[in-house]
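For reference, the structures are reproduced in the following blocks.
In the two complexes below, chain A is the common chain; its partner is chain B in one and chain C in the other.
Entry: the complex of A and B
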């Protein structure tokens, strides 16, 4: 296979010799493995090496020079924001909140000495990452308005990869609604590789929403590691239709008693979009709950993948873990692959998973048509019902309405 | 393990060894061994060539290592690949001529070789180590045109059939253990059911590993021609030894148009003792091909034995409207490990498959369901239903589920569900209250848990299987 990538650490400014050495080590290891391919168990259903080599001539890392600073803001609801361009913080605004409760810094790479040999994209990130942010919410503070992170990418990114790391800490008894917003309509091929660490202290709560607004040719990979302390509550909402390629690799560690986590996802994929959601929920302590509902609608030649793993340690008695993945396949050229895994070492647990894939129920279509609803609308109605179910339990009504509208648009645009 | 210990160890009642003289091949895996086996079986040249092809392929293959249960490296040069009772060198023509010691062994196992058992209507092809000892009921079957004999005999008498189908479902180069088997397989059963024939009785084979340091490599080939039906039973036991023994069998099933094959296994190989010493490594490749339209293959397995069970009886649904079924109970106790499941590959239109898997794990055991359901793009209107439930007893054991699901078209439906729980305490309490002790209660509840699978077994097997379920779990509660 042709060599289609070439990365240079020198493009990153202001590194100490020690950092350069450590990054070089990571890069060497990456070159040994290359981009992951289907021989790699975690990438069995998404052969990234093949996908990239078919679409890119020469990927290089970006040089972090860009002029754009303007971006479209969300007007539907009031919010704080952090704006990133190619992973670098451009501006931020927390004017709705009390002072000194929120700390935002550029991510500090000095203490990072990771060598994760198994995940070659993480290796690449360790070698090339620059920018990104560290966000920390003080103790006992409930944010009045959500924070939107505008993930902007310059239109000049072509055949380039952007790597950065984020860290989010939510301290005791604090609450945050976080919206990761991608709005890019670039026709150029580019890649984004992110690592995000989220730490949730006692009794904290986080709604982590990932949403994409327009169609673009970006190839995204994001690895998120979540560590949850006692009685914390993490909810993930993933509504990312429209990206050419996307893989979310979510690890959630329920480290202390009574912590709860959930993953909700709704995707409507068209053309040859390829999206994968991979989760690993580690129940490391007793009395924890986890819940997953992953829904996909697959049109044209799209491919949807779900790999979910629930791991229950032997001390994690009274675990309640649930996992459901469903797919509507609307075209013979579309494909759905799933690997819902359970690995359980404790006996007093309630763990189950279900996975189903098939077409739209024709009886329901017939029912709607017989009541005067045109076929296309009938399909939309059913698809909408199928996908928007994941938002049903959301309590923040303003956000919920916004998400429902976005989801509807994603469905109707097809 | 001393003979005295063996006597005292009552839990594995088949743990006796039979002292008879054996003919063994030279130790180790080499071209000589392959030639020795082929020679002693007086095989035609094409068969030897086939074996050698597999042997050469084996040189470049590596043992797979993706499975969950890890095992110490097997020294293939330290095994005997052929071992046969001496008295069988000249094949007996009737039961009277058989070495009484062998008959004794089978009596202990409860194999229906003799007249009285014949009333059960089971024809038995008993494999004692590597050579088929006696085949009963042959006459009756011959009248219907059914061929039921050892694979060695089939190679001599029906070379055309063997040539056509051997290796057509499990190719020579499939994977390490399958290839190893192709090179050194010693014996096994061959079944051919002619068109439009319903086999009047259940066919059965009882395998038994006797000689120590031997691997058992049997090869089974079952062909159901158009419109025919056959039900085949396989049972396994092995004597108790403190070394690990390898068992790498290949089973190939072929169902042509409108044919049906039902294959049931009760596997009760020696699982090792309470500390996890000894026991069989059961690395078996079983695969069935529904070649014809409307054909059906159904696998039923009850796995209670072996130190490590590693197998995936699979169905390749090539013919339109063909059906594949898989029913499984896997029980692991003490230090047993099981990594088992199935593959359903849908190629033909309107194909259906159903998977019911029950895993029970106790002691320090690990029990894994691993399965693949793949509906290819052209297999329109296909359907799969999978249910895998696990039961855990104690917090030192593990239960795992790894299903791979691939749906490649818009008209097919795949449903999969899995649960993991422990025995319901209310149910236990209810049983205790009515005078059942803890073990009886557990056995009752577990049998209920397994009911859907036990129902699929033929009558005689179902009774044995139910008892096995209870025995396997003895001492795991309390």
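Entry: the complex of A and C
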């Protein structure tokens, strides 16, 4: 196969010789494997190497100095923000909060040497990452307003890959609503490869929301590792329709008693969009809960994948784990693949999973039409109902209304 | 208002309606009674425009052929079917559904769409008439509703959309006596000289409360007998066996 990528560590400025050597090792390993393909079990439904080689002539990395500062802000609710351009912090504002409760720094790569030989995108990230952030919330602090992370990407990113790492620490008894907001309408092909580590200390809680606002030609891969301490509560909401390619690789470690996690996803895919959600929930301690509800609507030639694994360690008695995947397939050319997996080594657990896929119920459409609702709107109502169900239990009403509206737009705009 | 002539309806290669005739004028209440499998629900489905039926014969609604109208156009022009089994639609909020429905009909008739406030005021008034708790309206459409609640919701939709021709398909089934009275009251209070009702039922029960002008007995896809309200009372005593 033709070589369609070309990466140079020299483009990253300010590295020590030690860092350069470590990054080179990672890059060499990446070059051995290349981008993941179908032979890799984690990528069996999405041959990324093929997808990229079909769409890119030559991907390279660049350590840009970004001058852009303007971006569109959310007006629907008051919020703090961190603005990133191509992964680099440009500005931030925490003026709704008490001083010294929030720490934001550029991610420090000095101590990052880990070679994860299994995941070639992680190898590439270790080799090429720059920018990114470390966010830490002090203990006993409940943020008054959400933090929005504006993930901006320049329109000049054609045939470029952006790699960065983030770290988020929520200390004891603290609470955060975090919104990762992507708003890019670039027609250029570019790729974003992110690694994010989230640490949740005792009794902390986090709503981690990922939402996309416009159509863009970006190829996104994000690996998130979440470590949860005692009685902490993590909720993920993934509402990312509109991206050309997106794979979220989410690892959640329920490391201590009574920790809880959930993953809710609503995707309406059109044209040849491709989205994959891969989860690995590790129940490493007793009395933990995990809940997953992943919903997809597939139009045209789109493809949706869900690979969800629940692992229950032998000591993790009284585990309560639930996983549900549902797909509405509206076109014969669309594809949905699901691979639910349970691996259980404890005997006193409650684990259940289910997967359903089908088309829209025509009797329901008839019912709506018999009330004067035109066919297209009837479909939109049903699809909206199917997807927005994942937000039903959300308690933050202002945020919930915002997400419902965004989701509605993602559905009605195609 | 409605003129059906020699209607034949086939589904899955099975002929269900076999030359059905019926004429309904404004202000009239017609009841169609008949045993299981006589074609009552098929008639309701065909009138609502449900797909899957092969139709022969003629159905005219206010002089226009019904076959040219889609399901939603029929509803917009004033035909309403209260379903025998109202569908549960998860994720769709009842209030949003009702508002979308009302505004679709208003829009099609060149009327101004109602904003949220005006709609809420209207729906509050209509639902209290039927003794429907407002809490139901913020729930998912018919999901987890009891049989009686679902049927009341159908009548609420009728009163909201103000149709000219209302077809009630076994609206009395699954209703307890109190709910039956409320539903009947809902119908009676809406009845006037300009609108008409077609009530499809197994039993006389509902007709004790909504007095029909005509009772038709449907058997094997055809009307075999037509009479006044007394026919229903008589059928309750003698059953269908003598007629079919």
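The criterion applied here is as follows: the second predicted complex is superposed on the first by the 414 of 414 C-alpha atoms of A that agree within 3 Å, B and C clash if a C-alpha of one lies under 4 Å from a C-alpha of the other, contacts with A are read in each partner's own complex, and residues count from 1 in each chain.
The rule is short, and it goes like this: a residue touches a chain if its C-beta (ideal position, glycine included) is under 8 Å from a C-beta of that chain, and two chains touch if they have at least 3 such contacts.
All figures in this text were calculated on a predicted structure; none of them were measured in a lab.
In the superposition on chain A, A:99 contacts neither chain B nor chain C.
Contacts of A:13 after superposition: neither chain B nor chain C is touched. Once the two complexes are laid over each other on the shared chain, residue contacts for A:376 go to neither chain B nor chain C.
Applying the stated contact rule after C-alpha superposition, one finds that A:388 touches chain C and leaves chain B untouched. With both structures placed on the common chain, the touch criterion links A:363 to chain C but leaves chain B unconnected.
When the two structures are aligned on the shared chain, A:110 is found in touch with neither chain B nor chain C.
When both complexes are overlaid on chain A, the residue A:341 reaches chain B alone and has no touch with chain C. Overlap of the chain B and chain C contact sets on chain A: empty, with no shared residue.
Within the complex, the chain A residues that touch chain C are 361-364, 366-375, 377-378, 381-382, 384-389. Against chain A, the residues of chain C that register as touching in their complex are 48-51, 70-72, 74-76, 80-81, 83, 86-87, 89-93, 96-97, 100-101, 104-105, 108, 140, 157, 161.
Per the touch definition, chain A reaches chain B in the complex via residues 41, 44-45, 314-315, 317, 327, 329-359. Those residues of chain B lying in contact with chain A across their complex are 66, 377, 380, 390, 392-422.
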